[in-house]
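Shared between the two complexes below is subunit A, which pairs with subunit B and subunit C, respectively.
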Partner chain A sequence: MKFRLIHKLTSYLLAGTALATLASSQTASWLSVAVLAAAAILSWFVEPDTRLGRLLDRAVPLLNLATVGLFALAVLQVVRSFPEVDLSPFLDFVLFLLGYKLCQRRGNRDYLQIYILSFLVMLAAAWQATSAVFIVGFFLYVLLATWTLILFHLRREIEENYLVRHTGDASGARVTVTRVLNSRRVVGGPFFLYTGLVATLVFGGAALVFASIPRVGLGFILGGVRRQTGVAGFSDEVKLGMHGVLSLDNQTVILRAQVPRIAALRSDDARDSTIASLYWRGTVYDTYENGEWIRSRDEKTRTHLSLYHSPSNDGRTYVLSSPQAPGPPPGRTAAISGAVEQDMEVVALTHAVVFALDQPVAVEMPPPPPGAFTAVDVEARWSGELGLRVFRVSPFDRNDRRTVMPEFAGARYRAYSRASRLGTDGPEGQLLPEALSPYLRAARSLSPRVRELAVRLTAVQPSAAAKVDAVVKWLRATHRYTTDLKRDASIPDPLEDFLFHQSAGHCEYFASAAAMLLRMGGVPTRYVNGFLGGEWNGLRQSITVRDNRAHSWVEAYLGSSGWVRVDATPAVSRAAHMTRLRQVLDAVEMFWSRWVIEYSASQQLLLARQLSREFGWLQPHFSPRGTHHRASRTQVLAVAAGAVALVVVLALRKLPRRRAVRSGLRRGWRGEPPVFHVYQRALDRLAARGFARRPEETPHEYLARARKQGVASADALARLTECYAEARYGDIEVPSEVVLQLRAEAASIGRDS
Partner chain B sequence: MGAMTRLVPAERERTAAELVQRLERNIAQVIRGKPAAIRHAVLALLARGHLLIEDVPGVGKTTLARALALSMGGTFHRIQFTSDLLPSDILGVSVLEPASGQFVFRKGPLFANVVLADEINRTTPRTQSALLEAMNDSQVSLDGYTYRLEPPFMVVATQNSEEHYGTYPLPESQMDRFTLRMRIDYPSAEDEKGLILEAPAVTEDALARLQPALLLSEIISLQDAAARVRISPELAGYIVDVARETRRSPFLALGLSPRGELAWRNVARASALVAGRDYVLPDDLKQLALPALAHRLVLANQLDSTGRVREEAERVVKDVLNRLPVPG
Partner chain C sequence: MIVNPLRSRLRRWFRPPRRFRLTREGKWFIGATLILGFAAVNGGINLLFLIFGMLLCLLLANGFLSEASLRHLVVTRRLPAAIHARTPFLVGIAVRNAKKRIPTFSLEVEDMVAEKPVDRRCFYLKVPAGREQETAYRRTLPRRGIHHLSGLRVSTRFPFGLLRRSMDVDAPAELLVYPALLPVTDAVLASGLAELNDRQSTTRTRRGEFESLREFRPGDDPRDIHWRTSARRGRRFVRQFEGNTGRLVVVALDDAQPKEASPGGDRAAPFEAAVSLAASAALVLLRQGYQVGLATSGAFLAPGAGNIQASHILRHLALVEMRPAAEMVPAMLPAALRGIAVLRVLQGPQAPRLETSRALAGRPS
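Showing the complex of A and B:
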């Protein structure tokens, strides 16, 4: 490839990588990214001397005006967003500048600006990156940046310092660089290989620095700048038909859970079936009206939380109890004994809600690790729902929890759950009708025929449990599951439409219908949003819950059994297994989030301890009498390996640097001048074309013969011969820039034009 | 040898090339159409060597020699070699000074900067040999005294290659002392026509009016510069290879002597200097191989004809050069 083209290509790839990484981190809006991508593609064809280029030149004043305007706008936006500083307008401005510069690639200065802007874009991506995709982008960026900067430097050297003298008495003249820039021989495969190796080493070094530099968590100090990333499957209120088509393709990971009891299962089949029936309970609603579920926020329904604070380690355990349950709340030990333990990790959620297996009985918040700048806590909400809160931990007062972070991805907690079971139905008298009244409220938007239906289904049933059974059976028998929703607009309430006309819907409809019918039949119900099932990742023994597993169900109050889960939706089979690739990707993501995003001082300590255990360092080997401890074999091996690695690194760094910076001005094995190599290459090429230099021929005789035979670019050969002879017989060093030019010229020797 | 950068123009060599050009232009005033012959003559001079001009009569051998001598200034003596010429006629003789009663050395015609030995093969080998020491060591030893010849000292000899009767072919040792043996050849038809059209006395007149183009000191500095021209070890190896090849050749009774190698090197250096270089190219060597080497070789199958001998020797040299790979 031509040198000029290689440089252009690597520059574009650099900008493209930065942009793609930005897109993957979802920091910038899709619109900005798409517009810039389009501009970048267009700009590839905009060369200064083309028609497009000239057109753009005329638009420069306009573009400059737009630049100033956009900058002012960005500043204004940022200032207005104060104190919750949102820097994204600046990012958009940077993206605009990048597009502008890509279209205005006139000289080296523009290229340099493109690099700086792409670096800023990369920085923005790094700021927000929560996915391991970033590491791929980052590696590519380092690789491309190495190439691009070397090529850039080389190009600048060529363009700005290219003086050559053809004869001793001639004055140095600037050489037209077009030929050199168009040469295909300036850089080749070995250049990319060796500099690529260097880039890989740089990358490894960066990772090492990242792991070893003490963490101070500046990112969280600047909290608020990070924007919300997650997209969960449901919003704060449920609107029937709004999420008409459930996105089964939405693979966004919402939660990860490690459930020891499930991990301990022996057979995969048992595990799969168990996981498939896991209900991850999230938001709870009590009021339905006109196709919408909302929270009444009735104080009667507020979740009771009892806090057990462990002063020794600052851990907090919250035990849940519902205001409707009879008796005092259970103690911590009683609550969690025998309950299913889950270590939850929030990956992406739009709403700060604690997710736990149905039914959560206690939530344990781990003590903030040393050096952590955030702590997780919960707050009581309604109907057994718990809010998740992330605080910034003040370095001065660890109990100061006033500053709530808007960011809660990465929050961890441990939940304890106890499966609700249909037990023996107690007497109705044990219910507390007062507390349950919000769960019996029927929607006014429903017409009387719904009540008629409810009465018909439930009136004959002897108990609440039987009523639940009847309603669920009826729903499953008469309605079928679909995500392809139809809606008869003449019926105002979508639920009624579902019940009497469409006879088909998804979980939201089934759950809403069950809740309403049961309420009208006298059974208190509430509507629950969460996730059903998950995917088992054998690599890291955890369950991954993705967005496409969003589900809705109902909880019915059955007296002494308390709130019992009722899922009226017909079973829909879903694959519970991840493919191998997805398992690996998921594991990588988990590793990334644990060891990079949330890499903290405590993890650093952990890592150091692990390493020290691995290699036997940092072990107290002091003997009381001060005798020298004999180095263990692992220590010796480790030091030796380190030394070897260092030597290899140094050797590799030295080799590519010489080759890269001198751009292939190779010396022979015996330290021959580079021009020898160039000359020999030219001879080889000519020989390959059937015009070999005879052994008895001097270089000049060969040149004369070449001229006589009309070999292409004989003038280039003449210059090369001249310089070669000087170096060969006169021991005169040919300046490297001259060699570079000769090399570029030599490419054309013997080539048919 | 330290590497030099070529961006520094070599003042010395440039001047050398100019001086040589001036010299050659001066000579060309009287010898038209023979730049190669003039060049060879100049190279022999710069190599501190001696020149043997060998050709048929009437092509300007003497004119060239005279023109060269005149152009470089300094003293010039012409010795017409005849069969009765004695060494003392060339070297000089010690005579008794009656006034002081002592022997005083009277310098012969050899004591000059340029000595033209015209028709050198017409004298006896005895006299021819009188030149040996002078040509090799630039000195004359006589009656227990050694007399130095003032530099620059150059012998330009001419001989008629086609004449056989009444001539004494130069002995091998004598031949070896000539740095270059050259021919002039007939002028081209064009030049010959021009020659005829000119008034008969013009050439003679021009020769008489020829002014020195250079100072003697300039000639000496040119010779010094030529001696400083670099020859790479590879090319030295090449010279040795060629010499050994001639010694091994079945066509030759006597191959190239070390003196011949040195002479070859010297003219190559002079050639490089004239071309404005301070290093020798293999081309310098190859281009001068025939005039510098052929006359030194003794054919195994000695043919009686001088001309045939010459052609045969040149053929052998060419053959050697075509078989040996050039370094670099």
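Showing the complex of A and C:
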């Protein structure tokens, strides 16, 4: 392949890789990416000497105007986004510039700008990427960047060096450049093999640098913050018919949980059936009105937390209790005794909430890793719901949690839960009637016929549990599950529409209907959003929960049993374990998330310790007496003396050169004869006036051109050139008085009288 | 006598094996790397650390590959046989890549005078492994005499152009630069020398018998080019003739230091011009078939013909210096040459001039 074509191809692939990586990080809009990709494909055929190229050349003023306009627009959009700065308009502008430059490839400068813009695109991708796909794009980028930069350098060298004019025939020289650029022998297979190997080493080195640079976190000093967008849109509110439509295509991982009790199960079938029945409780709502579930934020429903510090590792354990419950709150040991332990990893969410198996009783937050400047902590919300908040860690007081950060980038914690079963005592005990009043509020938007239905279903039932059973049975008998929702607009409340006119709905409808009917039947209820089930990953011994497992159910208060989970939605079967490929991909994503995206100082320490153990550096040395052996003072002194000697030898090697440079400076400018300085200043002055010496020109050729062009004081330039040439090439020293005279004459060179 | 080799050896020992200089692109690259590193540390964005690592490693790779490019190279300089002052000549630089597998890309070689490179350089885009490539640069030396070349500086900006790495190779050489050549054919003819010699000469052959072929050198008469051989071998070759013993002439150079400086303020300029004229005239006469001798105040070269005589005369003229109060040359001629034609090259304030005469009665030498 021709050298020119190879260079063009690698340049395009570099830009394409950066763009694809950006697209994979979901940072830029698909529209921008698609438009740029189309422009890039078209630009391949735009060459300076083609009709398209000429057409584009004519449109350059317009395009430049558009560039300025777009830049102004981007600045305006960014300014308007204050104080929540959104830099995406700048990214769109960079993409536009990249497309423009790809179409406007005229010389090396344009290629260089393409590389810079591609790099900016890659930076944007790195800024936002959370998926392991980034590493594939990054490797390709390193490979292509290595090739492209080398080819670009060679091309520039060819153009600079083969344009030397040995004769006055410039066109002949250009033919030489074209011939070399079209050569097929400049680079070949071995070149790409060897440089590809170098690129692989660069990639490995980048990984090493990544792992070894201490994560000291200067952010607390300079205001920096680890930025990450929520990748899962788990909603903080529920609107029937508008949100919460289950999307089976959404494979975004929300949770990863390691539950030792489930991992201990030997039978796959038993494990799968257990996992399928796991309810991961998240947000809880107590008020329904006009098809919407919200939180009343009534203080009576406030979640109460008791904090216990771990003396060993500075961890914090929060134990849930109800202030309305009689008796003192349970202690940490009592709360977690016999509870199901879960090591949870919540990925980025727009609304951060603690997920745990139903009826969480305690949450244990690990201490922030050393060097971290943010920490995640638990905050109490309402109805047993717990939120997650990011705090800035003060370097002076690690328990100072006053500064709340706006963005949540995932968290890891340990949760303890008890199964909520009918007939067993709830963890919070018997609640007072006033504490339950918010959960009995009926919606004003529902017509009396809903209450009539509720009374009809529950009036004859002897207990709350029987009422629950009756309502669930009625719903499952009269309605079926669907995600293809229909709506009768003549009925204002979608729940009433579901109850009396539609025969199908999804979990939100079933849960809402059950909650309202039970409330009207006198059973306190609350609406819960979370996830149902998960997929078992045998490689990691963990459960992965994706966004498509979002689910809604109801918790009903059943006296001594406390809050009991009630799921009125008909069962929908889903795969409980992953295929082998999916397990691997999930494990990769998990590894990526833990060891790359969230890589921190504590993991560095962990890694260092592990490596030290591998290489035996950590093995303690014991003397025969059994005491710990340390390096002797002599050994330390010997190493220090060796290091000093090495430094001295290296310094001595460089000393003569430094002396020479210093003595040269006394002679004149940069250690060169003074006439060089005079000549260079004359050249600079002429260059500033638009008459620069070409790289290929000798001083005499330049002088001849100056005479031809009628440069002022060409005779002075001639004398200066003569002296310069003699000093430069003949090693003849120019006397100081002559230099003074030349300096005086040189002042007039290029200046019109 | 011991000092110079010792100093040279010490200088070689203390000379850094490689020199580095960041290019403009390299400075920008390092600046961008530092800014990115700072942003990564400040923001705690892990993937930026990865890109920061890539930039750092590209810098390292730049150093590693440039070193690999410079290793195992054998650089030699090839000089032309005759060099005249103020006449461009080509200096050939051959680079042999002694590496077994890896080619060397983007190499520049500069000749060095007094440890400083000249302004022209030779560029090699690619020197394949185990192969040699030669290219040349054009150079013009302003003055005759001995010029010293100290070595060769081999440098490269490969692979990314971020850094110029160079190494100095010892290749000391002495260049004997002959005087500049002037167009003198008409002047010689006008001087009446031909008439003197016509009377003196007994043989009428314009040239001697054909002796051999040799490669063309600057100053050769283009009429002597043997086109058939030149076409066959791809280089210009000229015919060489046996000396013509029929005509004798001694070029006598006025090498006395003038009492007053020339209008330009340089005492040496008229003398240099006279030396150039003497050399040019001697070459023209040799080419026309004369046996030419040279006389200066300090030395005398007996008349002779052919290229060897031309070399002797040019070498002598390359090194001749002004003498204060010198006697005129014809008086120093050996008695045996009494009466032969003398072409006197005299210094003049504006330009040198030629005079012809017969040799006076010489003193016994």
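In this text, the second predicted complex is superposed on the first by the 534 of 753 C-alpha atoms of A that agree within 3 Å, B and C clash if a C-alpha of one lies under 4 Å from a C-alpha of the other, contacts with A are read in each partner's own complex, and residues count from 1 in each chain.
Rule of thumb we're sticking to: contacts are C-beta pairs under 8 Å (C-beta built on N, C-alpha and C of every residue); 3 or more make two chains touch, one makes a residue touch a chain.
Just so it is clear, the structure is predicted and the values come from calculations on it, not from any experiment.
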{"item": "Subunit B versus subunit C as contact partner of A:729, first or second or both or neither", "value": "both"}
{"item": "Subunit B versus subunit C as contact partner of A:701, first or second or both or neither", "value": "first"}
{"item": "Partner chain(s) touched by A:486 [first = subunit B, second = subunit C, both, neither]", "value": "neither"}
{"item": "Partner chain(s) touched by A:304 [first = subunit B, second = subunit C, both, neither]", "value": "neither"}
{"item": "Residue contacts on subunit A - larger count, subunit B or subunit C", "value": "C"}
{"item": "Partner chain(s) touched by A:451 [first = subunit B, second = subunit C, both, neither]", "value": "neither"}
{"item": "Touching partner for A:145 - first (subunit B), second (subunit C), both, neither", "value": "second"}
{"item": "Intersection of the subunit A residues that touch subunit B with those that touch subunit C", "value": "698-700, 725-726, 728-732"}
{"item": "Contact footprint of subunit B on subunit A as seen in their complex", "value": "165, 168-169, 172, 695-701, 723-726, 728-735"}
{"item": "Touch list for subunit B against partner subunit A, complex", "value": "1, 3-10, 14, 230, 232, 234-235, 277-283, 286, 321-326, 328"}
{"item": "Parts of subunit A lying in touch with subunit C, wherever the complex brings them together", "value": "122-123, 126-127, 129, 134, 138, 142, 145-146, 149-150, 153-154, 156-158, 161-162, 166, 180, 185-186, 190-191, 194-195, 198, 201-203, 205-210, 213, 215-219, 222, 224-227, 373-374, 596-599, 652-657, 672, 698-700, 722, 725-726, 728-732"}
{"item": "Interface residues, subunit C side, partner subunit A - complex", "value": "10-11, 14-16, 36, 39-54, 56-58, 60-61, 64-65, 101-103, 105-106, 113-114, 116, 118-120, 123, 125-126, 138-143, 147-148, 157-161"}
